Structures are given as C-alpha cells and as structure tokens.
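What follows is subunit A paired twice: with subunit B in the first complex and subunit C in the second.
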Partner chain A sequence: MPDAIRRVFARQKWMAIAVATIVLAGILTAVSPVFLTLSNLQSILVQSSVTAIMAIGMTFIILTAGIDISVGAILFFTSALFAQLMIDTESYLIAFSAAMTCATGLGALNGVLVVKFRISPLITTLATYSIYRGAAIHLTGAQNIPVPREMGFLGNGKIFSIPVPILILIAVFVIGVYAFTRTRFGVYTRAIGNSARSATESNLPVNRVTIAVYAASGFVTGIAALILLARVGGLQSGIGIGIEFTVIAAVILGGTKLTGGSGTVTGSVIGAVFLVLIDNGLNLMNASPYIYDIVRGSVLLAAVAVDRISAVRQQKAVEAARAARIQGAAIPG
Partner chain B sequence: MMMNRAADTIAATDAKPVLSVRNLSKAFAGKTVVDDVSFDIHPGEVIGLVGENGAGKSTTKNMLCGLLQPSNGEILVEGEVVPHIDGPAHGISAVHQELSLFGSLTVAENMCISDLPGKPARVDWREADRIAREQLEFLGIEIDTQATIESLGSGRQQVVEIAKALLHADRVLILDEPTTSLTAVEREKLFAIIDTLKARGVAIIFISHFMEEIYRVCDKFIVLRDGKQVGGGYLSDVPQRQLEEMMVGRTIEDSKIDLHPPGEVEALRVQGLSAIDFDGIDFTVHKGEILGISGLMGAGRTEIAEAIFGLRAATGDVFVKGEKVSPITVKAMKARGVCYVPEDRRTNGLFLNRPVRENLSAAAILNFVTRSLRGIGFRGEKARASDVVRERDISVPSIENHVSDLSGGNQQKVLLGRWLSMAPEILIFDEPTKGVDIGAKFDIHATIAELARAGRAVVIVSSDLPELLHTTHRLLVMRKGHIVGEFQREAYDSVKIISLAASAGNGSNGNA
Partner chain C sequence: MKSTLASLKTYPAIPIIAALAVAFSLFSPYFMTSGNIEAMLGANAVVLIAAIGMTFVFLIGGIDLSISTVISVSAVVAGIVMAQTNSVPLGLVTAVAVGMVFGAVNGILIGYFKLTPFITTMATQLIARGIAFVLSQGIAVKGTPFWVLDFGFMSWMGIPAVTMVGLVLVLVSVFALGKTTWGRQVMLVGSNPNSARYAGINVSFIEFSVYLVAGVLAGVAGFISIANLGNAIPGVGDTLLLIIIGAVVLGGTAMTGGEGSIERTVLGVMLLAILTNGLNLVGIPFYDQLIIQGILIFFGTWLAMKFSGQRAV
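Let's look at the complex of A and B:
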C-alpha cells in the first residue's frame, strides 16, 4: 500500500469500513439486479436509520471508554411510555416531550450511576437494562399498544421524495460530527477515553462530560424509539431486544476502539449500514433466518481480528525500520 | 501575553517572593504526610525539592498546584493568602511524573485542552494550533502540532507536556522527575529551556532523584524526610554527600563500594549474539565479577539481557560455565542457575495483588516447601518466606501483605529475594535501582557486591552511570546495538564513557 493511502487510512479511521461496505455493495450488485435500485438503497438506509442514530450516541459513550448495554431497554421504555401516553392523553405534545425527557433521563441516570458509584459501565447498564425493561412492561401491563395512524409519517413518510427517517439520520449525523470535531464536549469526550487521570489533572469536567455522553445517547435513542414505533405501527413486546448488539457492533466495525479515545461518528454510521447490507445480502440469497445472527457475530469477530492483525503488523514495521537503522549504523571493531 | 506578569516582576529583583508557603501540612485519614513545610520562591529562582520516595514531595506538589487542599498552613501568591489554589488563574502549573497527555489527540489539542480558544460550542482550532505553534517556537522545539501524541517518542511527549504546562504557568512551574524518560541530548535541551525560563523570571520547583541534575539546574534546595522539612538553603553551600545524608537521615558510607577482586573462572560467555536490536555481541563474565552494560536509551541493553535469558529470540551462542546452552530458553537458563531481574518490576516481575509470601516463592516453589505427598502441600513456605524477609531486610508488616502496599525499594528487595532464594550462580540485573529511594539503593548495591564476593557472576544493565561506576569491575559501553567500548574499573572516566555512548561518529577505539 502506498504511503499516502496508508496515511489516509490511519487518519480517517472509518476508511476501512467504508471500503468494506463498497466492496460488499459491489458484490451484491453483481449478484442481484434489484440491489442497485433507488428504492432498495433507500430501504437499506431506512432500515439502518434506527441503529445508525443509536450508534452515533453510542460512539460518544465508547469514546469515553464506557459502554451502555441498556440502550435497547431505553428504546423499549421510551416506546412504551409514548404509546401509553398517546392512549391516556391523546396529546402528541405531552407524549412526545415526556418520551424524549424520559429517554434522556434514563441515559443520564446510567451516567450518574457510573460516575457517582464508580461501578463499571458494563455492570451498571446490565443492571439498568433489566430495570428499564421491567419497568416498561410493568407500565404497559405487557400489552401491545397501537399508535395513531398519522405517526406513520415519521417512519414511512417522505419529504421531497426522501424518506423521513433518512432525513432525521442525516440531521443527527451532522450534529454528531459537529459535536465530535468542533465542540469542547467532543474533544473532552475523546480526552477522557484516552486517560481519565490526565483529564482530571488537566482540570477537565470529567464527571459532567461522562454524564452528558450517556444522556446524549439516551436522547438519540429516544429519537430512534419514535422512528421505530412509527415504522412498526405500535408497541410490541419484542421491541429493542438484542438491538444493543447491533448498535455496539456498528460502532466497533466503524473503527472505534472499545478502550476509548479513538473513533469516529462517520465510521459508526457506515458500520450500521454495513450490518443492514449483510442482512440484505442474506435476504437476496434466501438464506435461512437462523443464519443471520451467526453471520453478524462472525463479521464482528473478523473485524476485531483484522484490527488486531493490522496493529501487530504496524508494530512489526516500526521494529523493522529500527533494525534497518541499527544495521546501517554498523561499526567495525 | 504569556510572560508579561513575570517580566514585570523581574525588574524588582528579590523584592517579594512570587510564592510563599507557610507551615503547610497535609494529613490523610489522620496520617500526616506533609508536616509544617515553609519556604519562599522568588521569580527566576529554581528550587530543588528532594527527598526519598514517600517523603511527601508529591503531596507538596499537589497542594501547590491545587490538586489537593492543605489540612493546615497557607499558601501566598505574590504576598497574598490564597485559600484555594487554582493553577491556571494563579499562573502555577505542574508537569507530573506520569504524563497527563492524551495519546490519540494531536499536539495542539493536548496543549490547549485546559483552555480551548473560541466558544464551548465552537472551538477555534486554528487559534489553538497557532497558540501551540507559538509556544513550541518559543521553546525552540520543532514538533508538528497536528501529529498525534502516540506517534511521538517519549522524549518529545515530555517536551509537549512541559510546553503545555508553561501555557498556564507564567509564575511558577513545578517539574516532577522530568528527565526519567529523556535521552542525554533531550535532557540538555530541557536544561536549556529551564535556563531560558529562569531568565524570563519564571520560578521553578524541580523535583528529582538525580543529585547531579539538582546541582546542575537548582539555586536552592529543600529536603523533606518523612513529611518534615529537614533542611534547606543554597546548594552552593552544601556538598552532595551532605545533601544525601539529610535525605536519608543517616550517614552514608562512601558510595564507592569496595569490590572483591574477580575470579578467573568463566561463568557466562556470549558469542556473536545478534537480533533486531543488537548485532555481534561478544563478552565474558567471570565468577565473582560484576560487569556493567551502559548506553543510552534504545542502545539495546535491555534487549541483550532478555536475549541471554531466553525471553527474546536471537542468533549466536551463550555458554554457561563453558557449556553451550541450546536452545536458549528461560527454562534452560534457570536450570543452569542463571536468573534475570527485569527492569520494570511492576509489569514484568512482581505479582502486585498477591502477598509477599507468594511473590518470594514464585520462582522456586519447590525450594520453599516440603511435600510428603507428591505435588501437594505448601508446608514450610511461610517460614522460608519470613526468613527471606529478614535476610533481605524488607520492611513489611506481614508476609501476607500485598506487594502493591510496599514502597519501590522494598518491592525491588522482594524481587531480589525471590531470585536469590533460587541460589543462582549468574545474575542479570536490569536497572536494579530504578525508582527506589537512596537508602534502598545502597542496600541493593551492597547486596550485589556481597553476591560477587560469594563467587557469583553479575551483569548489571543500567542507564544510571554513577551506579555502574560504583558497583562494577568492568564496563561495556553500547551504542545503537553495538558494543563500542570496554573499560576496567581503574580506568573509569565518566566523561569518556558518556561521549562514547552518545557520539554519532564511528568510535571504533573505545578500549581503555
């Protein structure tokens, strides 16, 4: 690989997943004539919108070296609250503002627990996952609740012939990239993931930023919940189950390191699209539905392995360069 | 804008101190760590803060830069009592021993992160880059401000850290062991920077283990021992020996140890050892001999030691007591009585979260226990471990304490105790006294001399040249993976050795 290209790959950590996505799209184009149609591409983006939006929030959490397992439960709780309030009050305003406040609040609660009690985010959010989901089922009495027909606009409507979920995804994406690159919040987030100790010594508001990333993730999960509710047409008990896997996988595939500090919003969105492409391809191949999970898991494993191998190779290149220097400086006697 | 305040005050020389500390104390959970420390520092002055590990230097530093709140006493900035130090606002900043940098962020981002230009919702990165560039230029260093920190070497990282601290320290800069990861050249560069800052009226508090550095850069000194201020004044009035004695609180015997003459019998011979980091290494160590290997960071010293012990792949031959070892593996080396005490004891040597007892017995569990059933039982382990603790003078409440509770010096003694309990015949030490206090350092040197007297062969790899000069019979000098010189103890000449290790030319005539 020429140096210039390698540098682009090193700087733009999402390049790898972008190339993988293009290659996969190329294969699917060759295999199926319907793949490269506007409607199929639109449908792929619509299908990835929910996980992509959540992955944008998750990126910030993972950048701080945290994780939120409970996003699926927040998604479910928010959907349940919204659907229930629509039945009870018939007011979009109340239902909408309550749902968004609640989604943000549940995310923030995760952040507060992580910060105040210094419990590992994995355990904290594993616990709140169970609590949030249980609370939602308690709230709705485990019933399926339909949402009003006009909600469908959010999931299936179009503005200037572009599906609404895609527009929302673009908006969240732009805000996410801006926050990541241009704001203090963004740079603090990356800094904390690099080294919490250094962040404290540099006088950064570590606790506030940590709570804020979980709250922000909760907020975008709320948005995702409303889109999903609109697309499905009502609350179902299966909503959000297992979605945390897809969301976290998208972030990791996108090149964000679980150890924190390094990653991009762009990569996460492409990662989410990539995962839908895989489903799409399997669908075109008429694969058994049981295969899907196996393939998704294998892809994630392969991505992490490739990342490790390239890191090791880079290390070897550095060592080889040093060896060359030493041989060059060989001294007689 | 950065040096204005300081520049104003330098005109009125020794008018009033920029920072005064009065009866400063700090207690954690009832245990007093810093007790009644008082001093003044004037603009353009460099004060050396010295003391053994655990003497309270770091706690004092943390109170001065506002990371800790004093339990008692007061801090005055420009003559005014400041109840709560806010580093940036008062122009005080510290470079901590562990760098407070962010690996995947750029140099510019790192330097400006505490005070980013622009609005919170819109950071002015162009301005940040300009500030960073200007600051680095001011210090006379060329570093790409858009490079990520992890792409820089540790020396350059240190420089970025100092540049970052200086952005907010136009009055007082605190440097905590700033040279530990620097090469000789980078160290000189740092001293030049300190001289520049001094001339500009910045007051500097310099914390270091290296007495040579203290004497090189400081005007005054403060000695802490067990949290108490036991001495202070002008360095020009106090010889180094006296300063060291103040630190340890007892008289140090002449640091040049009396070595027993080495034997004639060959113990370890290395022939044509080569790998990525070194090439064509030949040397022999005799019984009762202490051989030092010196060189700059990256010269390949540690790599050689690891290769001999079988931790690193290499070509060439290693002979133990005249017998060729092949293949070179840790197991084969241990079986022949070779042991290796690694440089980074915390990651490579000790099991920090396990008791002292287990750490001592780990390398030779069968020497420690008596077993009536094959492979089962630990009878006698405690008694043996207690013996070792006594022999090696390890201060620890109980052999069941975790090694992480111990000070650096005692940790090193535990590691030493572990290997010595194997009754080794050849010992390879890598940086045996790195990060340990002076008292423990002398104990370790005495132990090494004792080992040689008892007929063991010892190889010491160290970047601490005075240490090698004091404790070895013979010294090899390495540069870029090659042995470039050999000195006998009678002919030791530190200036010659350093220039040989650091020179860029083809010094093929290092033999003295």
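Let's look at the complex of A and C:
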C-alpha cells in the first residue's frame, strides 16, 4: 500500500509542472493564432533542447543532493574546444571525440573533487566554473570562432521532418528515464540523496556513483554544447553565461528537491519547456527582454511557495492521521 | 608557537596573504607603493561591504545568491533618484531601502515560510537583475551628482573614503556579532538551529534579520559602486558573486553555519584583492586570473577547512 501511494506521488511530482505547462499553452493559444502551429511548437522544443538536455544531467546531480554551478562553463569550454579543433585539424572525428571526452572529463573532475575534498558541491563547482571558463578563453585567446556551415545540421537540420535537436533530446530523455527508473545507478543516485550516510553504511559505491553522476552531466552538457554551437553558428564569448541558473530552475520547476532523493527526469524536461513557453509568451507580447528575468524569478518563487504549502499541508495530514491513530489506540475497544 | 598555530586556525588566510604579498613585491616594484595600496583598497570596498552581509548569512548556515544583483538594482534605483533630484542623501536612503526590501523578501520567505535559501535567493537574484536592467534600459544611469563622484576620489591618510565606509561597517558588524545578544543568537542558530529553538531563540526572526542585514549591506555596496565607477551600472554586481562567496570561504567562514567571523572575511577580501591586483601588475590576462582565482578559492577553502578542523564547508 505505501508503495502504491509513493508511486502516485512520484507521478504527481511532474504532474504539477505538466498541468502548469498545459495551462500556459492554452493561454498562449487563446492569445496568439500562430502559437498552436506545428512549426511554432517545433521551434519551442528546439529552443528548449539545450537547457532540457542539460537539465536531465542536472536532475541526477540534484538527486544526490549535489549541485553543479559549472555546467555553463563546461558548455562554453566544450564549444570552444570543438570550434578551435575544427579550425586547427579540420577533422570532425577529432573535434567531436575530443569535445565529448573533455565535457565528460570536466564533469568527472567536479565529481572527483566533491568526493575527495568534501567541500560542498556549491563551492567546488563555483571554483571550477571560474577555472573552466578561464581555461576556455585561454584556449581560444578570447576570439569568436565560426564553425563550418554543415555543422548547422545538428542545430537546424531535420530527419523525417523532425528537427535534429528534438531527436537528440528524445534520445537523451529516453536514456535518462531508463537510467533513472530501471537501473541500479538510478536507485543508488536517489539513495545517496536520501541519506549519504545510510548509502555508505549499506556499502553502496557512493563515491563511484557520485563521480559518475557528475561525469554524466558533463557528457550531456557536451551534447548540448554542440547543438548550441550549431544553432548559433560559432563560438561567442557570451555562451553559457547564466545558463546554470536556467537549468537549475528547470529542474526545480520540474518538482525535484534540492535536498536530494526526490525528483524526476520528466519533470525537468517539462520545466525546461515551460521556461521557453514563458519566453515565447513574453515575446508574443513584445515585452522587453529584460523583463524575462523578473518573470522567471517570480515563477520560480511561486513554484517553491506552492510546493512548500503542499508539503506543509501533507505533513499536517500525516500528523492528524497519527494523532487519530494514537487516540484510537488509547481507548481500547 | 602554540599561539601562532591558534591564530592560523582562526585566520587561515594570513599565510596565503603573506606569501602573495612577498611574491608580488618581488615581481613588481609598484605593488608595495602607497598609490597602489590605495587603489586596491578603493576597488574592493564594494566587495568588502557585500561580503560582510554574506558572512552573516553563512553564519546561520544559509546562502544569499541575490546579494550580487541587489547591489546592481540598488545602484540603479539610487542613480535614477539622484539624477532626478540631485540629492545625495535621498540617493543613499533609496539604495538602502531597495536593499532592505530585497533582504526583507528573502528573510520572510526563508525565515518564516521556510523556503530553501538557495532557490529563494536564486529567484530574487533574477528578479533584482531584471528590475535593474528594465529601469536602466540596460545602460549606465547618467546624471550622478558631482559630490558622489568626488566622494569616490576622497581619501584620508592613504585610505579611500569608500573603504572607510566599509571599515566602519566592519567595526559595527564585529561589535554586533561579538557583543550583542543578537550576535550570539546568530552564532547559535548557525551551529545548531534545534538547540537554539529549545533555548527559546526566535529562529525565524534571527534568519529574517540576517537576510535583512545582508540586503541592507548590499544596498550600501550598490551606492558605493556609484561613487567608485561614476555611474550606476545595471550589471555591476553580476560578476561579483564568485568573489564575494570566495572571499568569505577563503577567510575561513563555513557555509554550514556557526563557524566564522567578520574579521576572517576581511582577510578573505584582502587575499582576493591582493591576488587580483598583483596578477594585474604582473600582466596576467583576465582569463588566466579566472583560472588562478578558481584554484585558489578551492584549495584555500580546503586549507581553511583543514586548519580549523571543520568537517565540511
């Protein structure tokens, strides 16, 4: 029975953001005739693909009660390395493999530092954020570098009339959900987030799983970097600045708890789409781009407030049930 | 020997500061000149003032990501008010009031509604940033009164006036933390919120007041940034978050609460100030400075943790 209840709640975790997204989409449909067209919906998914892919990786990190502030810097470093190698070697094979290896490596390094030095993930990745970003600019000499035109396929191309970024997002999503629900990796991740101590005492490979989680996030960030690079058409100095907060916001909106142990991959992806829908709506209203931050911040606050209220209500219900049970037990029948 | 070790435990930043100072004075003849020291002090007044606020927040085991952009928004609003009225006191009051509003919002949500500090202040960070850019249209606010510009250049015995403001705030904060009931309650809430509650401390109020203080200090920092830069810049605080948090943890204040002091943060600010200044003098480009800064923040924090025997930061 508790298992059934838990399963319902697990579904509800992303139900909230799904309902919010549908409502917002309904409003946008009513406001604008172009909203509910295939091309607009496709472009919304394409726009959210980069943050959504990164949010899938971030979900696992946050599930372990960790955080990675450096993902924006990993995104930038990977883009820089890829663009620079394309110029230097003109080989897609070398550039691709080096970029993906590096993205995974930088993520893994975060994990190793978190595990070995026991400094909080926030401070650790704040430090590596600075290091990775500096290293990337060092690598390119602060230049903007264009990428070859055929790279655009990754960002704007279509296979069976479905945009490539959407296909990649779906692939990452399916793998993410599989890893989350069907593998030991997913179970361990949540176990660590629930209680690192009990996970250690149960002899789970806590360190290895933690490193793997950060490495996996680095890997998907590498994928996101290549999509972004393809869409933008080249390396620009502003790539990835502030994106870590958008990614974390998507995960939080999706119902994943910063305290670890509880959350879903699905929610994070819907959260990323939701954030793009907000941008889309503001864009339709011709709002100043500066207002976007205000709206995003307010939405985030509203989301955590609602979450808090429902948590308090749940706790009260549990306590009331317990009180009733104790009272019932005190009066023997 | 024992007292040396004890002071190392309390002030883990001192040996690093000494090493950096010696190294940079060997590399650059300008480093130890009074002009350079004055410039260094002036350039870091904003960080110093904001870092005091962050220290209080860390001491109760919280975090305030919004401090950086509250600096920006209070600078912008104060800049606009001063451009309209040409009144400096009104500008200062505005800056403090804006900081206070953001601090109060953070404090109410975190202290009374028990929202997670990280997400709450991440959200208010976005909101503050948005308001700063909307009000200023993304460009520097023009029309700063001349007195504020002059104030940015004033100095007394080689110490810039803006730094004086910071030092006064340091003294007040040291007093508030060490000699008042409020300060002791802050430390207790940070080291053990449950026992603080059982001891009859109003934990919610202490949390609220700490975020309020952090907001006010960010407001003052915003005003000082106008004096430093000549204009209110909407993005002025954006890049300061890493430096502010870095200074606090390098000084030896733990993020987990209950461990640390304002004095340590002053040393942490000094450390990063010397590092940036020295690397600039030696001619290291900004991107390599980012790398060095990151490495130093990481290992400095680790060292601070080792010295003071904390389990986690």
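Please note the rule applied: the second predicted complex is superposed on the first by the 306 of 333 C-alpha atoms of A that agree within 3 Å, B and C clash if a C-alpha of one lies under 4 Å from a C-alpha of the other, contacts with A are read in each partner's own complex, and residues count from 1 in each chain.
Methods note: a contact is a pair of C-beta atoms (placed from the backbone, for glycine too) under 8 Å apart; a residue touches a chain by one contact, two chains touch by 3 or more.
All values reported here derive from a predicted model rather than from experimental measurement.
In the superposition on chain A, A:Asn283 makes contact with neither subunit B nor subunit C. Of the two partner chains placed by superposition, A:Thr37 touches none, neither subunit B nor subunit C.
Of the two partner chains, subunit B is the only one that A:Arg190 touches; subunit C does not reach it. In the superposed pair of complexes, A:Thr124 makes contact with subunit C only, with no contact to subunit B. In the overlay built on the shared chain, the residue A:Ser310 is in contact with neither subunit B nor subunit C. Contacts of A:Thr29 after superposition: neither subunit B nor subunit C is touched.
When the shared chain is aligned, no partner comes close enough to touch A:Ser91: not subunit B, not subunit C. Looking at the superposition, the partner that touches the larger set of subunit A residues, subunit B or subunit C, turns out to be C. The touching residues of subunit B, when paired with subunit A in their complex, are 67, 87-88, 96, 98-105, 109, 113-114, 116, 120-123, 125, 276-279, 300, 479-482, 484, 506-509.
Partner subunit C is touched in their complex by these residues of subunit A: 67, 113, 117-120, 122-124, 126-138, 142, 245, 248-249, 252, 258-259, 288, 290-298, 300-301, 304-305, 308. The residues of subunit A lying in touch with subunit B in their complex are 182-185, 187-188, 190-191, 194-195, 197-199, 201-204, 261-262, 319-320, 322-323, 325-327, 329-333. Here subunit C touches subunit A in the complex through residues 63, 109, 113-116, 118-120, 122-131, 133-134, 137-138, 242, 245-246, 249, 255-256, 285-295, 297-298, 301-302, 305, 311-313, going by the rule given at the top.
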